[in-house]
Every structure is written in structure tokens, then in C-alpha cells.
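We just call them A, B, C and D in the order they show up, numbering each chain from 1.
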Amino acid sequence: MTEVPLSAYLVLALVLFCIGLYGALTKRNTVIVLISIELMLNAANINFVAFSRLGVTPSITGQVFSLFSITIAAAEAAVGLAILMALYRRKKTVNIDEMDTLKH
Amino acid sequence: MDLQTMLNYHWEAMIPEFIILGTTVLLTLLDLFWPPYIKRRRLAWIGLIGILLSLLSLLAVLPIEVVSILDDSFRLDSFAKAFKMLLLVGAAFVMLLAESYEPKEGMKEQRGEFYYLFLTALLGAMIMTSSGDLITLFIGLELLSISSYILAGIRKHHTASNEAAMKYVISGGISTAITLFGMSYLYGLTGSTNLKAMSIIMKETVDTQFLYLFGLAFFMVLVGLSFKIASAPFHMWAPDVYQGAPIPVTAFLSVVSKTAGFAIILRILLSLYREVWGDAVGAFSFFESNSIYIAFLAGITMIIGNVVALRQRNLKRLFAYSSIAHAGYLLVAFATLGGQYFLFDTFWFYLLAYLFMNLGAFAVIQVVSGNTEQEGIDMLTGLYQRSPWLAVAMGISILSLAGIPGTAGFIAKVSIFLGAFAVDPGFYVLAAIMAGTTVISYIYYFGILVQLFLRSSIIQTKPKVPAGINILVAVCVLMTILFGLAPNIALDFFHQHFGDLLDF
Amino acid sequence: MMENAWLIPLIPLFSSVILLIFGKQLRESAAYIGILAVLVSFICSVIVLVERIDAPTYKQEIVWLVTGEVNITAGFEVTALNTLLLVMVSLVSCLVQIYSKGYMEGEKRFSIFYTYLGFFTFAMLGLVLSPNLLQLYFFWELVGLGSFLLIGFYFYKKEAKEAAKKAFIMTRIGDLGLLIAIILLFWKTGSFDFQEIFSSIGAGEISGGMLTLIALLLFAGAVGKSGQFPLHSWLPDAMEGPTPVSALIHAATMVAAGVYLVAVTFPIFSASSTAMETVAVIGGFTAIFAASIALVQKDIKRILAYSTISQLGYMMLALGTAGYTAGIFHLLTHAFFKALLFLAAGSIIHAIHTQDIYKMGGLWKKMRLTSPLFLIGALSISGVPLLSGFFSKDEILVSAWVNGNFLLFWIAMITAFLTSFYVFRLFFLIFTGQPKTEVVSKESPFSMVLPMGILGILAVCSGYIQTPWFGSYLGEFLVKGNKFLLVPAHSEGPAWIMAAAAVFSLSGILLAYLIYVKQTISRNFLIKEGSFINTTLINKYFIDETYYFTVGKTVKGLALFCSYIERFVIGGFEWAVTGTIRSLGSAGARLQSGQVQVYGVAVFAGLAVLVIIYALTGGLIR
Amino acid sequence: MTFLLSVLVFSPILGILLLLLTSKQHESNLKMFGFIGTVPPLLVSLILYQYYASGASLADFTIKNNWIRFGNLSQYDAKLFTVDYELAIDGFSLVLVLMTALLTSLAAFASHSIKKEWKGYFVLLLFLEIGMLGVFTAQNLVLFFLFFELTLISAFFLVGKWGFAEKEKAAYSFLLYNGIGSAILLIVIMILFARAGTTNIQALTHIITIGGVPTIAPISATMKYALLVGLVAAFAIKLPIFPMHRWMVMVHVEAPTPIVMLHAGVLLKIGAYGMIRFGMGIFPEQFKSVAIYLAVLGVINFLYGAFMAFIQTDFKRVLAYSSISHMGVVLIGLGSLQAAGVQGAVFQVVSHGLIAALLFYLVGIIQEKTDTSLISDLGGLAKTVPRLSGWLLAGSFASLGLPGMSGFVSEFLAFLGLFKSEPWLAAIGSIGIVMTAVYMLRAVLDITFGKEKEKYEHLTDLNWLQQIPAGILLLLIVSIGVYPSLLGEPLQRTLDAIMIGIGR
């Protein structure tokens, strides 16, 4: 079977990153925003894995890196959600555009 | 690798980190097992002791040569030592602040974690300063970030605090993603995450295609990390978070976290890009040909920071903008690379000065606002009558922030200017912007001074000053003046123990 | 004594300082100190004069200031001209101070008055002794200060205030010319010293045009001080000061300083025919111009003031027509008889407390001593033969004639006629006819009469130092040994001039007699009441008004213009800058909308911009 | 002997300590100590003058210690990027120091009119004195700048707290205008420092004029011009030169009169001092080519100030604009490039210092007695307060340049110079000489002469104590006016040096 070229992965990652960014910047629901951020991080992970297999000088480090970043992403998400919970208790909403008491 | 090699490593080089880690664990356990009637404040003292111990141990390890553990995933070089020192001192002060911090609803809710989260964040920061591997750097970064997310939202039942934390998480997440994405490209282009190895590969690259991609990666990483130092246009989270977070956290963000941010930027970008070709034939270095971008960022950062600060009535928000402005000044040093003579000492001294003057100011703010929620500038009105000592201390810190001669802030600015002009052609426009915005900054800094000294207040209640804060303020003011009048105490120390950071 | 001549000015200064400090305690007895001091310096000056008669010029200097390579010096010089004026000034000043003892009796600020007098005398004597132009200017201004202070002595009177201000400023306009002339001379000749300047002019180091310019600027100074047209209008107003002051400053000494200046820098003028012309013309014009105004005024002191202006015009005319001796001669005689007239007028005012001649009359019987003395003065000024005025005026007429300037000559003649007319108009209105005021006026005290007496004597016989019959001692004395002075000691003219002059003046007196005593001729014989000419004369040719509407308005306008620049241009600029910064700030604050996603957009935008620019430029821009 | 200058500059600290030890209620004590604090510098400066008069060389007093070292270039050159603590004094400085010490004492004496917070007031006053003395003795630009800013800050507070109605506004415009000035100055200093590696005046003069010394980065010819223009601009704001003069008018109107005495007397002179010392001293060649513009500006100042003063209704404003006008004379003198002109400028610096101090001292008393300085409200004062009016008259005559007073000498010399180099310009400018008389007499006569206002019948005249300051000042004014060599002697050497510098 023929190898999928590196460029394909990179494009995929880039697309994924952009989708994530788009979601993070447009969605009203904070949960979805957090998920979109996960998407962006995962896009990076795809890069790492792809590079570690098909990069200029393939090495295992990339996969290690991606493992770490997955964990970190999880932790970040957890913290994010926890904070969202606290906020939800006070404001009874998860709409991100209603969090604007601090401004100017 | 086998156990033997593991044991052969110079673990003593990591003692400061270990101490912090140990303290953290200890605090966690104490927090867990202490009966509720014991005040959790004491944890702060223990934490402080831990920090001081690790500071001592750092001084102890100062003389030893460069140590690299686990193939550079931890390295203790002069750079690391220098910045760790700043971080530890800053953290110690912040801990003092935290100890006497008393929000309206009291500290019942957030018990111990308030104190030891500072330590975890500190640990992350320290890792950021002393690692030669992207992975560990990234982990350190995230450790710092995540801890500070929680710290920002530590006041569960305070809307502003929650909101601040939420905003912090989201914008932090985005920038993390960008950073990571950039790193992934760096890895892809070099096939390694070890900075040394990467830089060797990069400096040998002559293929313009690759150079081009290096550039893209550079910007991604820069932008992602600029989030930490809150430089425009990646600063917008800062005012909100600073305003919403509890004062000690704000102080922490504006001093420790910012220092760490600069540390990691220098660490990654300098060690990778210093010798990369800036054009097809290698006539210019990468920084020579791209400093214009950093200069641009620095320029708008200074302008936005100072100009928008004019509009602020909330002190914490005001200081957010002022710290943005200061990030801008430091970026000038980064853009000019300190005119090749004054790079690291400029950064180091500036951050040192900034640490003292900023923390001094925050301490006073915290004391004066007490457990009332008011944070407006007017709360300082006529402080001179109520408590001359605090007023003078605040005044000196402000003057230093404004960069008036005789204070550390001035010397710091001078060395930035030196960097900007020592090269040919000098960065005249950038320097002009810096000078101009400094003058603009006089307006709001002296606005505070006017409140402190020139106006007289209605309320005559003397703010009660805890011993810890008194010490803190005293030290800060003393240092601000001392380093203003005899900066070589600090500079010589730097040059003796860290040299020109050639082992960087 | 000559080597100690510098003491002469300092003694009055010393007295005035004493009076300034201890005046309060001394009160009326302050007069004695003042008088004593000036008496001493009078005696000294007489001694100096006597010594000088058969001794060369004496000069002594010290370094005043070193600028660059040049040493600016200060010192004193005893020349023929100096000594004469020393004597004249100190004498008149002494007499006036004696006079004032009586005149100022009961004045609260008596000692201050003597302080000022002392200071003025010091300044005037210093002026006279100056060996170089800078020092001359130095005292020139101090004299102005003295005059300012004394005019404004009754400071609570609005008129006095205005008059003082006007006097100082108008003279300062002239002084500016003098200052510039001095500076130009310095750069051309490298010195302020008279001798050196003259010698380098003699060597023809200065181009003709420049020389003329300098001479004219010098003359501007003289015009200001001597109240020549067009800077004359301060002098009549200066009459707001106490009458003794008018006698001392505005008749005898300070106003003569202008003439003195021209005389002392005569070599400069004589080197430029244009300058000489100008001096002569201005002098002649002023003479007739002022005389014509004097015809219709009704304030006794103002009439005398205009007559002073006119007489000074005479002197200028003399100098302008190379009548060096004539000018100085008239300066001396005029000092005596005009001082006399003023003092007499003063004693009249002292007696009946009014200055309006139409409110006077019939005083001849009441004031037995003042009246004849006034008459002497009047005769002398109108040039009745054998009195001092006659000789000096004749000298001037001759020099004008010899100079071949016939127009000016006839102007002078007519002026002589007008002079005698207005003086005797004054005389008759005051002393003859019926008393119009019911004030029982008595003769003035001895302290006032004595000085008048002395002056009277001088007014009669001071003329004989320079006469066509007994020889021209004055001229000889002045010209002898002065190598820069290329003028004859005495200019010979046709004898008929003397006769004609006498006729003119006598006919003037006769006309006045007919109009104001006999009243055979109506007062409207010459000029009808309310006719154009009459109003013009009464309003002094509307000179002040003209100045107000031209110079005054211009200055005001310029000032307003400046203030508009200040408020709108500069202020506007400030406003713009601060406004821009402020609006930038608010814009930035508005961007900070509190929407975290906006922040995200900002981050992304920032990244995008950087990357795109980088991409487009290929990362290879510098 | 070298310690003497340090003693001179820092001796006010004694007074500061004394004040800090007294409680802030003891009005009389504080006032006394405040005055006493200004005595030591006066004594020291008199001692210095004594040494000078007895023929000792002022160079013996030069003091020079290592202070700051930037960067770590000791391996190249130990003196590189060092700033020494170096004070020295020459005739010019000596005169200004004497004037400063004297005026400060008089100002402290005149400060009995201060109503509140005497402690802070006098402390700041003494700090101001340290600053002023330092400015005139500093031998390198950084040190100069330090003292310069010290004056700025203390003056800001003195104006802002103890001034009249619009004090804060005045303080702000003072701060911002001077802030811009000092920003420009700082940039110039920094460029010189960064390029030449030193800020010592002699060293810089050597580098700029003779050259041949290797510099860190080249200093091109155009840059020299730019630097000079920057210097001139910076000091022009201080002087002030039209159109940057508005702040100065505000300060003169709003500041407490003792401070205005110092401000008009000394602080404005710093501008002139800087222009002469640094402008002409370091950049003689370049200065020659911009001189003509300075002369034009000077004439504009001279006339503009005069015309503005002519239509002011407030006597303080009249004096403020007359200061502007008289500062024009300084420029006229400098612009002439003639020995006489420069000498005139220097004379004017001293002379106007004394005259302005005298006049503002008297205005202060008038305002104290009548609560107004509006010309229209005053009038006929000579009747009730003859002594006061007498001094005022004397002062105004001094200011309109009456011979026998110092003002005449300086104006004469300045114009003497300008008539040599630019006759037409001088001719235009000389109109101002008449205008000076016009506006001065208008203002002063309207105040003193004329009908007295009945509301002032009860005014009390000056007592002998109040006359002392006026007496001292007038004595100096007159003695300089009568025998200018008093001043000419000490200044001669400095002037010669300058003239040699500009090759005349």
C-alpha cells in the first residue's frame, strides 16, 4: 500500500486547528468553546505524531510529546469545566457572551 | 538507561525544585489532616519557609557548573539560576501578601489550596526557566498556567473572580494551542525537542524553504508565549483577569508569571533562533532581519498599555495596563537584543526592579483596600494624612514605575535605552515611542500621587498594617531606592554569578 | 581739584542716600543737607572751571568690564564744555534746592523730594563728566529716572502718573536710537571713548552713509531728551511736577542734555552734512512750531514749557548750522533766564494757587519782588538788547545766516517775534489789569526770592561772556585745544542782523501790549477765537491724539494678535494633542468589550497579521 | 578639599533630618528649621567663593568616584559604559550655586506665608535645593539628569499642594511639558552614552569636537546635529521658548510665591545653563550653524513676551511674560556667537534670577496683604505702603534694564553682540527695550501710583525684617549693575573656553 504523504496530515491538522479556533471564537456555549480548544490542541498532536513518523528525521519524541500534551489538555479541560461550574452556580448560565461584568 | 546512570546525575542541582515540591506535598497533607480549628494561614508561613529554603539552596548551588539532567530536560545554567532567583524572591513576597489576604467572605471557603497552588505555579515557573527540552518547558508552562487559572478563580462565590478565571482559561487555552502548534512545526522541521540539538540543526539549515517555515513557527511560538507576558495584542485578557482575581494572585500574575513568561521566551526563541540565517545567503541573522516585527509588537504594546491606562479608575485594572506597558518596554530590549551588550542583564535587572516596585505597590493596595471590596483610585485619597509611611512607600514605588531617576525603574529603563542605541542603526523610532509613552504614563502615575499626597480625604481611618506586609513594603521600598542609587549591587552580583550567560 | 572732579557728582548722591535712610527723622531740616551737599559740589566745580581755563583736558579711567578682547572703561573727563555745564548745573540745582525749601514747605514727603533732587543732580553731573558714550548713556538714563520720579512726585494725581510714564517712555524711544548709535559706533571704531571715536572718524574709517545713520540715531536720543519735534509732547505734560523741578530739570539741565549730546559728539555730526541739515531743520521747525502753540495756551507753566521747547529748538538750529559756540552760549543763558521764569511762576502759583493765566491779573502791586524778576526774565528771553538772551540769540541768528541757510534764518527771526509776543502776553495777563481771584496773595518767603534774585542777575549779565564788542571768551575757551572741533570761536555776521532781531522782539512786545493792556487791537486780530487754526493750536496740532491713534493702537493690536496666537494656535495645538491621546485611550477601552472571544479574535488577528506580512515579504525584509 | 562639593550639594539633608524629627504641628519650629536647613549650603558656597577669591583654583574641588557600570565589558575597557559620581565647579557654576543657595534661603525666609503642612513643604524645598545645586555641579549627563528630575518632582508637589486656586492644573502642565523636555533630553543623553560609552562632559566634548576616539557605534555628522537640536529643544522647554511657554505662565501664577522665586530665579536658568554648558560646550560646531535660528527665536521671545505682558490684567502674569521676554535676551546673546553676546546671556541668567526673585518676593507680600494680584484691584499703594511700593518700583526699574542695575548690563551686552552678527534682527529686537519700559511702568504705576483704594487704607507697610531679602537682592542687582566685573571676573574663564570652542 502507498504511504499517505506527510502533507496530508499537516493539512488535516491545520484544518482541524482552524475549525477549533473558529469554534472557540464564535460559539456562545462555553462547553463547546472548551471542546474547540481541545480540538486545537489535538491538531497539534496530529502534527507531532505525523512528524514523528514521517518527519525529516523521524523520532519517537513526537509521540512522547503528544502523550504529554494530551494529558495536559485533559487537565486544562477539567479545570476549565470546574471553573465553569462555579460560574454557573452564580450566574445560572453557560453563555460566554454573558460573562462581561469585567470590561473597559 | 539503568539505575546507575540515573544515580550518577547531579540531582543536587534540582534541590530548589525538590524543596518546593516537598513543601507543596507537605502543605497538601497538612491541609488534609489538620483539624479545622487550626488556622490555615499558618500554611502560608510554612510555604514561605519552604520558598526561603529553596532560595538558600539556590544560593548554595550558584557556584556549581552547568548541570544537565536527563539529556537537558532539566539544565541548571546561569540563565536558570538568575531567573529562578527572581521567581523565588517574587513568590516569597507574594506568599507574604497571600498570608494577610482577607476577602470579604473570609478565607473559610478556599482553605489551604490558596497557598500551595502558589507553590505549584512557582514550581512550573522554575521548570520553565531551567529546561533545555521543549517537552519539559511545555509542561512547566502548563503547570504554571493551570495553577494560576485556579488561583484566579479561587474565590468560588465571587462572580468577578469566577469570570476572570473563566476568561483566563479560555484565552490561555487558545494561546497554549497556538504555542503547541508552533512547537509541533519546530519539532517537525528538526526532528528533536532538545533545544541544543534543534539549534544545531537549525543553524546549519540553508534551504530558504525551511528558513521560511522556521519563521512561521517562530511567530506561532512567540504569539503563544506572548500571552503570558501580556503584550499587545495578546494582552486583552490581562485587565479583566487582574481585576477579577484576588490581589495576591494579581500580584503573582504581574510579577512571577510574567517573569517566567519572559524566561521561556528567551530560552526557546533565543537558543533556537540566535544563529539561524535571516536571509538566503546568511548575511543577516534571523533576529536582525525580523526584529522589525518584535519592535512593532513592542511599540503597540507600549502605546496601548499607557494610553488605555489613562481611562482606568480601578487600581488593579490600572496596574494591569501599567504591567502591559512594562512588558512593552521589555520587548524593546528583546527587539534590540540589548544591542548585543546588554541583553540578559537588562532583562534581569528590569524584572528585578519591576518585582520590587510592583509588589510594593500591590502590598499597599491590599492593605488600604483591606477587606472592603473597593479598588478605585479614590481609595488612596489623602493616604498621606492617614498613614504617611504607606503613602510614601506607595509614592516611591509609583515613581519607580514611572522611571524617575534615583529609583530602580530608571536604571532599568536606561539599560533598555542603551541597548536600543548601542547598535547602528539604532532603534530610534522605538526609543522615541518608549520615551513618549513614558511621558504619557506620568499622567496616570502622578494621578495616583496626586490622590496620595495632594488631596485630603474624608475618611480618617488608619489602615492597620500586618507585620508581614510591613516587612514586605519596607524591603520593596528599600530595594527600589537602593538599586536606583547603587544599581551595581545588583548588576555586579549578576555579572559575578551569571557572567554573560555564555553557557546559555 | 581736577583729578578729584569725580567727587562732584558723588556728594549729592551721598546726601540723597542719607536722606533716603534718615529722611523720616530729619523732616524739614533735610533741606539743609541737600543744599549743603550741592553747594559743596558747586564750589568744587567752580574751582575746577578756574583750573581748567589754562590747563589741558584731564581724563582718568578704570576698567569697568572686560568683554572678549575689549576693555570697557569708566571714568571722568574735564573738558571745557564739561566744566561750564558742571558749574551751570550745580549752580541752578543749588538755587532750586534753596527755593524749594520755601516752596515745598509743609509737604509730607519733604525729605523724599530732596532725596530725588539730590539723585537727579548726581545723575546730571555724572552725565556731564562722562568720558565715553556708554557712561554717558548710563547717566542719561539715570537722569531720565530722576525726572520720572520728580514728575511723578504727586503720585496720587492721575495726571502726574500719566505724565511721568509718558516722559520716561517717550524719552526712552529716543534713547533707543542713542543706544543703537553707540553700539554701531563701537563695532565701527572698537571703542566707546569720545577721543578714539573722533580720531577714527577723522581717519575716515567709517563710510559716509553709516556715519549719517549713526549721527541721526544719536540725534534721535537728543530729540527725545530735549523735547524736539516729534518727541516733544512729554515736556508740557511734565509740568505736573512741582514747579522747582520744572525749573531745574525741564528748563535748565536735563532738557539741555540733548543739546549737550549733540555738542559733545559734534565732530560726528560735522562729518555728515545730511545730519547737520536734519539737526538744523528739526531745530528750526521745533522752534517756530512750539512758539506757535505757546501763543494760545492758558496754563502758565505749559506756556513756559513750550517756550522751553522752542528755545531748545533754537539751540539745535545753532548747532545744526555749525554755530557750536552759539548753541552752548544759548544753552547757558537760557538755563538762567528760563529757570528764573519758572521760579517766578512758581512763586506766583505759590501765592494764588492757580496756573490759569486768565484767573490771574494785577499782581504787580501785590508781589513787589517777584514781578520785576519775572520781567527781567521775560525781557531776557524775548531778546531785548543788552540782556543775555539778546546776545545768545543774536549769535544763533548770525550762525544761521553765515551758514547760508536763509529759510531757517527767517524762521528764527519770526520765532523771536512770536517769543516776545507770547512771553509778554503772559506778563501782561498776570501782572497788569484787575485781579480776578480774591486770594489775598503775599510775597513769597526769602528762601524763594533769593534764588530768583541771583538768577535775575545772571539773566542780565551772563550774556557778556560772548559779545561782538567785548570779545568771545566763551568761544575761545570752548574751541581752544579741542583738535576735533573745526568751528570758529565766533562767527562774524552783518551788523543789521542784530538790529533786526531787536526790532522783531520789541515789535512782539508792542503787539502784546496793544492787545492785552491797551486793548486797542482785539484779541482776534491775529487768529479768530474758535477758528480752525486757533483750535489746532489750542490742541497742540493734535499731536498726542495722532500718536494715540497710530502708535498706541498698533501696539494694542499687536498685543491682541499675540494673545490670540497664544489662546487659539498654541492652545488649540495642546488641545488637539491631549484630545488625540484621550480619544485613543477611550477607543482602546471600548475595544476591551469584556467578551473573551473578542480577545481571542485579537490574538488570532495579531498572529494572522504577523504571519501574513511575513508570508508576503518572504521573511526577508529588513 | 574634594569633599566640599559633596557637602555643598547634600548639606540640605541635615535640614531634612531636623525637620523629620520635629512634629508636624510645631509651625514656628518647622519654619525655623526649614530656614536653618538652607543655611549650610549657603555657608559652603560662600566658603567656596572665599577660596576662589583668594586665588585658589576651583579645579581642586573636583570629586570623582566610581558609581554605576552598565554591561559586562570590563574585559574590553574598565571605563566603558560607566557613570561616575563626579562633581566639579568653575566660575560659571560657582556663580549659579551662590545664587541658588542665596535664593533658596530667601525663599525659605519668605515661606512664612505658607499656611499648611509646613513639614512636607520644607522637606520638599530642601530636596529642590539639592536638585538645583546638583544640576549646576554635575559633571556627567546622567548625574545631571538625576538632579534635574529631582527638581522636577519636588517642584511638582510644591506647586500642586501649596499653590493657589488652579494649582493641580498648573502642576500637571508643568509636569507634562517638562516631562516631554526631559524625555527628549534623556534620549539625547542615552544616544551619547550608548555611542560613546561615557557621559562625562569633557570626554564627550573631546569625542564630538576632536574625534579620533573609537566609539561603540559611529556618531555621524547628521546625528550630531540631531543631538544638538534635541538638547536645545529640551532646554527650550525649560527656558522656556515660545511656543512652549504656557506651562511656565501657569506655574508663575499658581505656585506659592517662594517657589516662584526659585522657579523664576533658578529653575528657568537650568535651561540656559544646559544650552550653554552642553549645547555650546559639547557641540560648538553644530551650535554655530543653528545659532541664527536661536537668535530669531530669542527676538521672537523678547517681543512676544513684551507684548503679552502689555495686556495682562494680573501682575503675576505680567511678570511671567516679562520672564519669557527676558529669557529671550539669553537666546539673543547666545545666538549672536559674539563674546559680548554670550557674556550678556550669562549675565542675564544671573541678573534675571535676582530681579525675578525680588519682584516675586514683593508680589507675594502684596498678595498676602491684599489677597489679590489683579492690577485693576490694586492702585495707589504708594500712599499706604510707601516702602513696599518703593521696593517694587526699584525692582521694576531693574527689570526694564535701567543702567546701574544688572539688567542693563546683560541686555546691552546681548544686543551689542547681536548687532555685530545680525544687525537687522537686532534692530527689530531692540523695539522690545522700549516695550519693556511700557509694560513694566504700566503695571507698576497702576499698582503703586494713582488714587488709593479706601479698602487698602489700613494696610501695614513692610517691617525691617521683611525688607532684608529685598535689600540683599537689590544690593546685588545694583552692585553688579554698577561694577559688572564682580560677575565678569568669575565667568571669564568659562566664557573664554566657550568662545574658543566656537572658534571666535
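The rule we apply is simple: a contact is a pair of C-beta atoms (placed from the backbone, for glycine too) under 8 Å apart; a residue touches a chain by one contact, two chains touch by 3 or more.
Protein identities per chain, from UniProt: A = NADH-quinone oxidoreductase subunit K; B = NADH-quinone oxidoreductase subunit N; C = NADH-quinone oxidoreductase subunit L; D = NADH-quinone oxidoreductase subunit M.
Note that the structure is a prediction, hence the values are computed from the model and not measured.
Asker: On a CA-centroid basis, which chain has its centre farthest from chain D's?
Answerer: A
Asker: Counting contact pairs per chain pair, which pair wins?
Answerer: A-B
Asker: Distance from the CA centroid of chain A to that of chain B, rounded to the nearest Å?
Answerer: 26
Asker: Between chain B and chain C, what distance separates the C-alpha centroids? Give it in angstrom.
Answerer: About 79 Å, centre to centre.
Asker: How many angstrom lie between the CA centroids of chain A and chain C, rounded to a whole number?
Answerer: The computed centroid separation for chain A versus chain C comes out at 97 Å.
Asker: Once you find the CA centre of chain A and the CA centre of chain D, what distance in Å lies between them?
Answerer: Once rounded, the distance between the two centres reads 65 Å.
Asker: At least two other chains touched by the same residue of chain B: list those residues.
Answerer: Expected reply: 166-167, 170, 174, 178, 239-240, 311.
Asker: Got the chain C residues that touch at least 2 other chains?
Answerer: 589, 592, 594, 596-597, 600, 604 - these are the residues of chain C that touch more than one other chain.
Asker: Give the residues of chain D touching no fewer than two other chains, as numbers and ranges.
Answerer: none
Asker: Can you work out from the touch definition every pair of chains that touches here?
Answerer: Final set of chain pairs in contact is A-B, A-C, B-C, B-D, C-D.
Asker: Using the touch definition up top, name the residues of chain B that touch chain D in the complex.
Answerer: Counting only chain B, the residues touching chain D are 339, 341-342, 345, 384, 399, 404-406, 410-411, 414-415, 417-424, 426, 431-432, 435-436, 438-439, 442-443, 446, 449-450, 453-454, 486-488, 491-492, 495, 499-500.
Asker: Using the touch rule from the top, collect the residues of chain C that touch chain D in their complex.
Answerer: Of all residues in chain C, those touching chain D are 63-70, 134, 137-142, 145, 152, 155-156, 158, 160-161, 164-165, 168-169, 172-173, 176, 179-180, 183-184, 186-187, 555-556, 558-560, 562-563, 565-566, 569-571, 573-574.
Asker: In their complex, what parts of chain C are in touch with chain B?
Answerer: Chain C residues touching chain B: 581-582, 584-586, 588-589, 591-592, 594, 596-600, 602-607, 610-611, 613-615, 618-622.
Asker: Which positions of chain B touch chain A when the two form their complex?
Answerer: That would be residues 134-135, 138-139, 142, 145-146, 149-150, 153, 156-157, 159-160, 162-167, 169-170, 172-174, 176-178, 180-181, 183-185, 187-193, 239-240, 243-244, 311 of chain B.
Asker: What part of chain D is in contact with chain B in the complex they form?
Answerer: So the residues of chain D touching chain B come out as 67-73, 81, 120, 142, 145-146, 149-150, 153, 156-157, 160-161, 168, 171-172, 175-176, 179-180, 183-184, 186-187, 190-191, 193-195, 216-218.
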